[in-house]
Amino acid sequence: MNTLSDAFMQAGALLAGFDADLLQIVGLSLRVSLTAVAAACLVGFPIGAAVALFKFPGRGAVSLLLNTFMGLPPVVVGLLVFLMLSRSGPLGVLGLLFTPTAMIIAQALLVTPIVAALTRQIVADLWREYSEHMRSIDAGPGARLTTLIYDARFSLMTAALAGFGRAIAEVGAVMIVGGNIDHATRVMTTAIALETSKGNLAAALALGFVLLTIALAVNLVVQVSNSVATRKAALV
Amino acid sequence: MSSRDTILPLDVRRLVFEIDGTRLLHDIDLTLAAGKRTVILGPNGAGKSLLLRLSHGLLEPTSGEIVWRGAGTRARPNRQQAMVFQRPVMLRRSVLANLTHTMKVRGVPRNERHERALAALALAGLSRLAECPARAMSGGEQQRLALARAWTSEPQVLFLDEPTASLDPAASRSVETLIGGFHVAGTKIVMATHDLGQARRLADEVVFLHKGRLLEHTPADEFFDNPRTDEGRAFMAGELLW
Amino acid sequence: MVKPIIAGLSLSLILAVGGVLPSQAQALTLASTTSTENSGLFGDILSHFTKDTGIAVRVVAVGTGAALNLGRQGDADVLLVHSRTDEDKFVADGYGPYRRDVMYNDFTIVGPKSDPAGIKGTHDAAAALAAIAKSGSTFVSRGDDSGTHKAERRLWAMTGINPSGGSGSWYKEAGAGMGATLNTTSGLNAYTLTDRGTWLSFQNRGNLEVVLEGSPPLFNPYGIIPVNPAKHPHVQFEAAEKLVNWLTGPLGQAAIAGFKVNGQQLFFPNARPQ
C-alpha cells in the first residue's frame, strides 16, 4: 500500500542523505543501548554464572526471579526509575531525570535480567562438561567463575545481543525517563512514537526501517567477529 | 619431584558407595603405597571409575573413609594429586593457555608458569602446538596435553581412568610413555584400564574388582600368571564380561 | 584477556555518565503539552529564544496534568500549559510565584464528512456534544487529564450529560496525546475535540474535517508559570524568568504570531504588558 512504499523510499532517502538530525538520533540510540548492554553484561555475567555454579540458600528463588524479570515491562521499569530520579525522589539530587544517563540506567535495569538468566543457562550447560576437571584441580569459586565466563564467551555474546535487541527496540522506559526531548533525549523509538502521534505514518515507518537496519548492522558485526574468532579457536 | 610431606600411603577403609539405594561398592579395604604402579582391573561396571573418583575426592563415600597420610580424611582433591580422565576436558583456549590456567589455579607463581609450561610441552612432544587451540588437536594430542597439565602440578599421585580407551594404538603408546615418565619421576600411578595388554606393560601390582567388590590385590606377575579367585581366572581368560 | 575488556567497558560507562552530566546545568527544562509540541511551535520559536539569550531549552511534552505534576515535583523549571483553573491552583498552592498569559488558540470539533450526528455548521459546542451522545455516534476523548481533556469535560458538564455511561461503546477514552487520539479518531471515523494547532499539522486525517468551530467555550488560552525556587531551590529561576519575559515580550509574541502551518497562524499572542 501507499504508506509502505512511501516509507521505503523515505527510509532510503534518510539513510543516503545522512540527515543531521537523524544521525544524532541514531547516535544517541546506539550510545544509550550499547552502554546499557555493557553495564548489564558487567553485572549480569557474574551474577548468572554465580547462580549456575554456587549452591546457596534461595538459589532456586533467585533463578526463578531472573527468569521472571526477563519479561519486565519497559514502561514499568521506566516509571520506577522516573520515581527514583525525580527531584522529589530519593536520588533526585543527582539531577539525572530527562538525561541520556537516566535512559541508560532504565535500559540497563531492563536488560540485566535477560543477560543474567541466559548466562545462567549457558554456564550451567558448560559446567556439566568442565565440572570434574575444575574440581580435580581444586579450583576455588573465583577461578570457577572466571574460567567459565571466559570459556563461554562466544555464547555469552549471543546473550548480550539478546539484551541489545531488547534495549534498542523499547520505547516505554526511555520515553518516561528521557522525555523525548529534541536534540537531547530523542532516540529512534521515541522519534517513531512522535511521528506516529503527529500522523506522519510514512515518516514513522521510515524511521522504523532505519532502526531495523541499524539493529541488523550491529548483529552482523557481532556475528562476523564471532565466527572469525570461533574459527580461529577451532571450536567444535 | 620436589620433597614435600608425603601423602602416601593411601588407606581406603570399609568404603561403601551407593546411589539411590543401589550399592555400587561394597566394603573396599585397600592400602596404596608409594613406588609401585597400581593398575585397577575388572570388567565393565566393576566400580573402577568409582574407586578412582572416590579416592581422588570427586565423590563422597556413602560410608567408610579415604585416609591420606598425615591429613586425615580429605574432603576434596588436593594439590598433591592429579587425575586424567578417559576424555580430557580441553579449555577453549590455546594449548599453552590450558597449562598456565592449571598452574594459576594451583597457585604456581606467575614468573614460573611459562617456563614450566614449556618444559611440560617439550616432555609431551607438543611444543610446536603451543599456540594452537587445544580443542583442534587429535584425541591423542589432547590426552598428552592432559598429562602435561598434570605434570605441571608435580603430583605425588596420578589417577588415570582408562586414559587410552578412546585412542588408537600409536597414540596409546605415546601416552603410556608419558605415564612411564611420571613413574620415573616418583609419582605414584593409580590407573584403571580394561586393556589387558596395557596392564601387562605397566602394572607392578593389580587391584581386581568385580561387581563392586575387591577380590584380589596382588603383585602383577602373580595375578596375570595365576589369579587366586575364580573370577580372576575367568577375567584373564576373557570370559568375565560384567 | 578479560581485564582489558572490563577496563574498556568501565571506561565507556564512566564516559557515558560523565559525558552527560556537565551539559545538563545550562539547559532550561520546559514542561509543556503535547498539543503545543505536536504543532511544531516550540521547534520554531525556541530556537529564536536560544539565539537571543544563549539559553538552550529542553521541552518535555506531556499532558497539562502531568506537566503541572512535574512542576510540583521540581522536575521542570517552567511550565506552559492550558488549563486556567489548574494553573491558578498551582500558583495558589505556592508552586509557582505567578502566572502570565502567553497566547491562545481555539479548539474545534472534528468528525467524519458524513456527520452522523448532524452537527456540521452549528455553533454551540455543548449542544453539539449532546447531539453526538444522543445519536450514539462514536466520540474519542483524550482521557488523559490534559488541558484539552479538561476543556472537553467542561463542555460535557454544560450539557448535563455524563459520557462515562457510554465508556467503551460510543465514548472511547483513549488515554493518549492529541496526535495519537486523532489517529484513533481517524481510524474509527469518529468525532473528537482537538486544538487547532495539532489539527493543522496533522497528516493522517482520513475522512475527518472540522465540523464545528468558533463557539465561545472553545477558547483555549495558554499560561506560562515559572517553578517557585522557594519550593525547589535547584530550579533555574533566573533562566525561567528570562523565558517568561521573552515569550510575553515583543520578540516572543511576534515569533508566536509568525508561526504558520500551511499559511495559517496557529497561535495568537495575548500577553498583557507588565
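A, B and C label the chains in the order they appear, each numbered from 1.
We take it that a residue touches a chain if its C-beta (ideal position, glycine included) is under 8 Å from a C-beta of that chain, and two chains touch if they have at least 3 such contacts.
Just so you know, these numbers come straight off a predicted model, no measurement behind them.
Engineer: Need the central chain here, defined by C-alpha centroid distance to the all-chain C-alpha centroid.
Structural biologist: A
Engineer: Once every inter-chain C-beta contact is counted, which two chains account for the most?
Structural biologist: A-C
Engineer: Name the chain whose C-alpha centroid is most distant from the C-alpha centroid of subunit A.
Structural biologist: Chain B.
Engineer: Between subunit A and subunit C, what's the gap in Å when you average each chain's C-alpha atoms?
Structural biologist: Chain centres of subunit A and subunit C, defined by C-alpha means, are spaced 32 Å apart.
Engineer: Taking each chain's centre as the mean of its CA atoms, how far is subunit A from subunit B in angstrom?
Structural biologist: A distance of 46 Å separates the two centres.
Engineer: Determine the centre-to-centre distance between subunit B and subunit C, using the mean Cα coordinates as centres, and give it in whole Å.
Structural biologist: 78
Engineer: Subunit A: which residues touch two or more other chains?
Structural biologist: Where subunit A meets two or more other chains at a single residue, that happens at 150.
Engineer: So in the complex, which bits of subunit C are touching subunit A?
Structural biologist: Residue list for subunit C touching subunit A: 1-2, 6, 9-10, 12-13, 16-17, 20-21, 24, 27, 29, 34, 38, 42-43, 58-62, 72-75, 176-180, 182-183, 186, 201-205, 232, 234.
Engineer: Once bound in the complex, which stretches of subunit A touch subunit C?
Structural biologist: 31, 35, 38-39, 41-42, 86-89, 92, 95, 97-101, 104, 146, 149-150, 179-182, 184-185, 196-201
Engineer: Which residues of subunit B touch subunit A in their complex?
Structural biologist: Touching subunit A: residues 56, 58, 76-79, 82-83, 85, 88-89, 91-93, 101-102, 104-106, 132-133, 135-136, 153 of subunit B.
Engineer: Which subunit A residues qualify as touching subunit B in the complex?
Structural biologist: 129-130, 132-133, 135-140, 143, 147, 150-151, 153, 232-236
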